[in-house]
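Shared between the two complexes below is chain A, which has chain B as its partner in the first and chain C in the second.
What follows is the complex of A and B.
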């Protein structure tokens, strides 16, 4: 008896040690990933509160002797030419991203609904054509779009960017939303229609509210994509007053190559809106991916 | 996957005879209204550019965009590309860049997802922190890392010198042999969170009962992972890897901003090279021919992508 109990308990401790081994490996790995992820961001923040002189010291000041918010003040001061530019880029980015987001939801929702509910000829072909868009790099479309935008008279306008950005967001948006609509029982709509609702009413009153998380995820994705986009903005816009943030910052700092605190402060402020937006709404995003994309 | 049911259904509706197709298109005419806006945008911004790129690739084009003066030269642009030395350097770089970034991002992302799967205090905060690099603009990321790699004031160089591992800060991105790996590190920094999110979502679909049953049967942690979890995640993994591969193949911002392809083409990948040919040297015809080659490569990848997406379907369809 006692021997059996002994072996059993020894077995248990051994198993616990094995499990603990994996758990420790996991913890160490997570600590490493946290360092890898966070150190660059922390270093960006620390640099951004240094003076230009303090940033260019060797060995570096791990924490600035005299922390200063001068870089931020300069960027946010509308009296100053740097601040004027930065704020204008910021508003341009906000405008382009917001319009893109609204339009892509308006376009993606009905399309995803149709792909999920109707079976019209060519549906699969069209669906994959939409998905395949994801495969092709911006550069392929750059030259022809450059010419197209000139023909349409959209060169140097935000319209050229909005039209282009719409197509980035759409494939994933449609894919995610379709997953959502597949999950909403058709019976709900049928019940509403028996009660006298039109297809459109059933869609607006029943389906739309149920797919809100999907719509939010779609919106975040479009917004972040548009906010961060660089290559088209770099190619289509040349007037300083129209630049969006990524291009504006790049252009500004290719002229002022040594202002590292300013560059880091600008990078930080460019990241804040999307990071905040994402952190606030991330649970929708992860849920949408789970339900829409990786559903079994 | 979700597309699964779709294709089977469509096949069913399409089956009754050819003449039915036109009628069925007519019967479903209202359905097209829903997809029309999406398709219209796609046609303008995708179909037309693709057609135009292919056309341009057979022409010799004068610099400047006076494209009316182009002359037809057949496959000359293609031979120019394939016989140039730069092409092979750039192709090799693209291969290393794409494979390195994709595989390491996937492995790191998957491992992080597994490590985060267990409940513990601070898990939510940790997860959110790890996702941030993916959300940050690639332009910001490039500048942050350029500063970190800086040859005089960079933090990595300072740490290496501080630990006595180097006499003076190494020059990471102005050195032909270290530039590409250095850029890949930046790219992975931005991309592993995507793999992590996808795999976390995938992990939630692994049935708990199966894992518990395996545990009761005496399977250890590794066996449970290898025989239960991993097979369940195969489709998600394939889709994630393909999406990463395509994104990496198409990346532009990090090499462009951090090095501009230099030093001596050591960090030029296809996309940056095409961009430089087109907008830097204004060789529109050659750049278009390059784009077509790129396009063909991506079509091949795309074929596997669609196969991976519809893989389930066929299995379910036959069952």
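What follows is the complex of A and C.
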């Protein structure tokens, strides 16, 4: 009789141990992921405050003997040719990414709203076409888009990049926002329209404020996509004064020497806007990504 | 306040007819319930009146204006939604003020009206809260407040009580009724709950399949349903509908069942049966008009009790007759056991007779 109780309790312990085992595996996995993402960032930061000599020493200095901000000063100094280049690339990236973001929100908001609220001929087909683009890797479109841009006379302009980034960013932006609008009860707009608003006012005064998290998420997504993009920027632009950061940073590699601290300092500064943007707005981003998934 | 006229109203979606030739008049200050099962077109009809859905054909008149092509905002209506549709980002005060702001009223007047509405609905202390911080009943009250703050010509209500729990629903039901009596408001109220319609409305429009079935006062609809649908939809438990066949022998018309028994008819009911298009006649009887006997008496139909449901002040007995469920209510002091042999006596004055083919009520001359 006692054996039954014993078996039962042993079963319970075993079950608890199994659950604990999974939980620990999860923790270890997360810790590993943290190291995997954080260590390169930390190493980048440490290298950026080393001198050129210290950066290439072996065995490496885990913490530089003489930390220096010289690389940062050089990059941010408009008098210096390196600084001039870096600031120009930074500005170019900022310009391209910001314009992409603004245009993408301006187009995605009404498009997503239309997909969510109106039924019009070809609605499903169009929505599928929007998603279809996402089935192919971006590189596939490199040559066609190159030819297209040349025909359009957009070679060596920032416009070519903005157009390309919109092509790639908009489908997901529209899809993301549509999920958001789907979750806003249509009765809210109806109530507003009965309360005296026009259809447009109902959208601006009631729907827009409610979809702010979605719009912010869309904006972050577009901005990061444009900010990080390399291959198209590398292909479409050839003039030095037009380059964006991901391409421009390559300048730090040269035939004989590579300025590793400079490269790392530039990389670090390049990641700052993205990280800041993400930290400030991450709760909206998470909300936006989960909101569409859960039915209320 | 104003009257509302719907004339030959039609709404089609592709080939699907959601609303078919609905015509009815709502008098100034009248409370009309649109009632029917889900998908019967009652909410679509309300949306047509509101202007949220464009009409396919017909006319809608509010007051003395034809409003067919007017935007909802220009129809001088207010609407209460099933999910309340309170603006989640706005406080109660701002929810109530919104319709007034949209009409560009001066600030102090808005303030006065909002506070007055809050006082009437007893929610002055809730004004600064957000909708999500309110209980269901309070949200419902805010939705009502937002409708009445503007003093519209017509109130449209789309199942405003169905998201509330049973107890609150009964309470809000009498509050809305009181609200109607005090304001003398014209109200069109959509519900699938026949009890709400019967208890609140001056007149009720019973709809099914996009068609208006019957439009009359609740007592008339209850006493004289025009067809089998209305008969079975209004009243709870539902009216029992027993399919029978009319037969005449020696100049004497009776209704016979496939089970072998037959029912004698009063002269008036014989007249009705004579008007049926075929021999098929459906006998309708409400639970309270059927007498249950525990021993055979002349004219009573033998049956077997199937289920017995005591509710406290009345006990409902179900039995099968001619394959149809029959509901009978008996006083709680009469004990009936399942499978017990019982005899059912129909009250000739209060039974309903329907044409088995057209499902329409049969009328005497």
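Before moving on, here are some points about what is shown:
Just so it is clear, the second predicted complex is superposed on the first by the 257 of 296 C-alpha atoms of A that agree within 3 Å, B and C clash if a C-alpha of one lies under 4 Å from a C-alpha of the other, contacts with A are read in each partner's own complex, and residues count from 1 in each chain.
By our rule, a residue touches a chain if its C-beta (ideal position, glycine included) is under 8 Å from a C-beta of that chain, and two chains touch if they have at least 3 such contacts.
Note that this is a predicted model, so its numbers are computed, not measured.
Annotation: superposed three-chain arrangement on chain A; chain B versus chain C shows no clash, the two fitting side by side. In the superposed model, A:100 lies in contact with neither chain B nor chain C.
Which of chain B and chain C touches more residues of chain A: that partner is B.
Contacts of A:201 after superposition on the shared chain: chain C is touched, whereas chain B is not.
When both complexes are overlaid on chain A, the residue A:192 reaches chain C alone and has no touch with chain B. Shared-chain residue A:227: touches chain B; no touch with chain C. Of the two partner chains, chain B is the only one touched by A:278; chain C is not. Between chain B and chain C in the chain A overlay, the least Cα distance found is 5 Å. Interface residues of chain C, counted against chain A in their complex, comprise 50-52, 71-73, 75, 77-79, 81-83, 85, 87-89, 98-99, 102-103, 146, 150. For chain A in complex with chain C, the touching residues are 185, 187-188, 190-198, 201, 206, 209-210.
Against chain A, in their complex, chain B makes its touches with residues 1-3, 5-7, 9-10, 13-14, 21, 24-25, 28, 31-35, 37-39, 41-42, 44-46, 48-50, 52-53, 56, 65, 67, 108, 111-112, 114-116, 118, 126, 128-133, 135-141, 143-145, 147-148, 150, 152-153, 155, 158, 161-162, 169, 189, 192, 197-198, 200-202, 204-205, 220-221, 232, 236, 239, 243, 246, 249-250, 252-253, 257, 271, 274-275, 278-279, 284, 287-288, 291, 294-295, 298-299, 301-302, 305-306, 309. Listing the residues of chain A that touch chain B in their complex gives 15, 18-19, 22-23, 26-27, 29-30, 33-34, 36-41, 43-44, 47, 55-60, 106-108, 110-111, 113-115, 118-124, 126-148, 150, 163-164, 166-167, 170, 174, 178-179, 182, 224, 227-228, 230-231, 235, 245-246, 249-250, 253, 260, 263-264, 267-268, 270-271, 274-275, 278-279, 282, 285-286, 289-290, 292-296.
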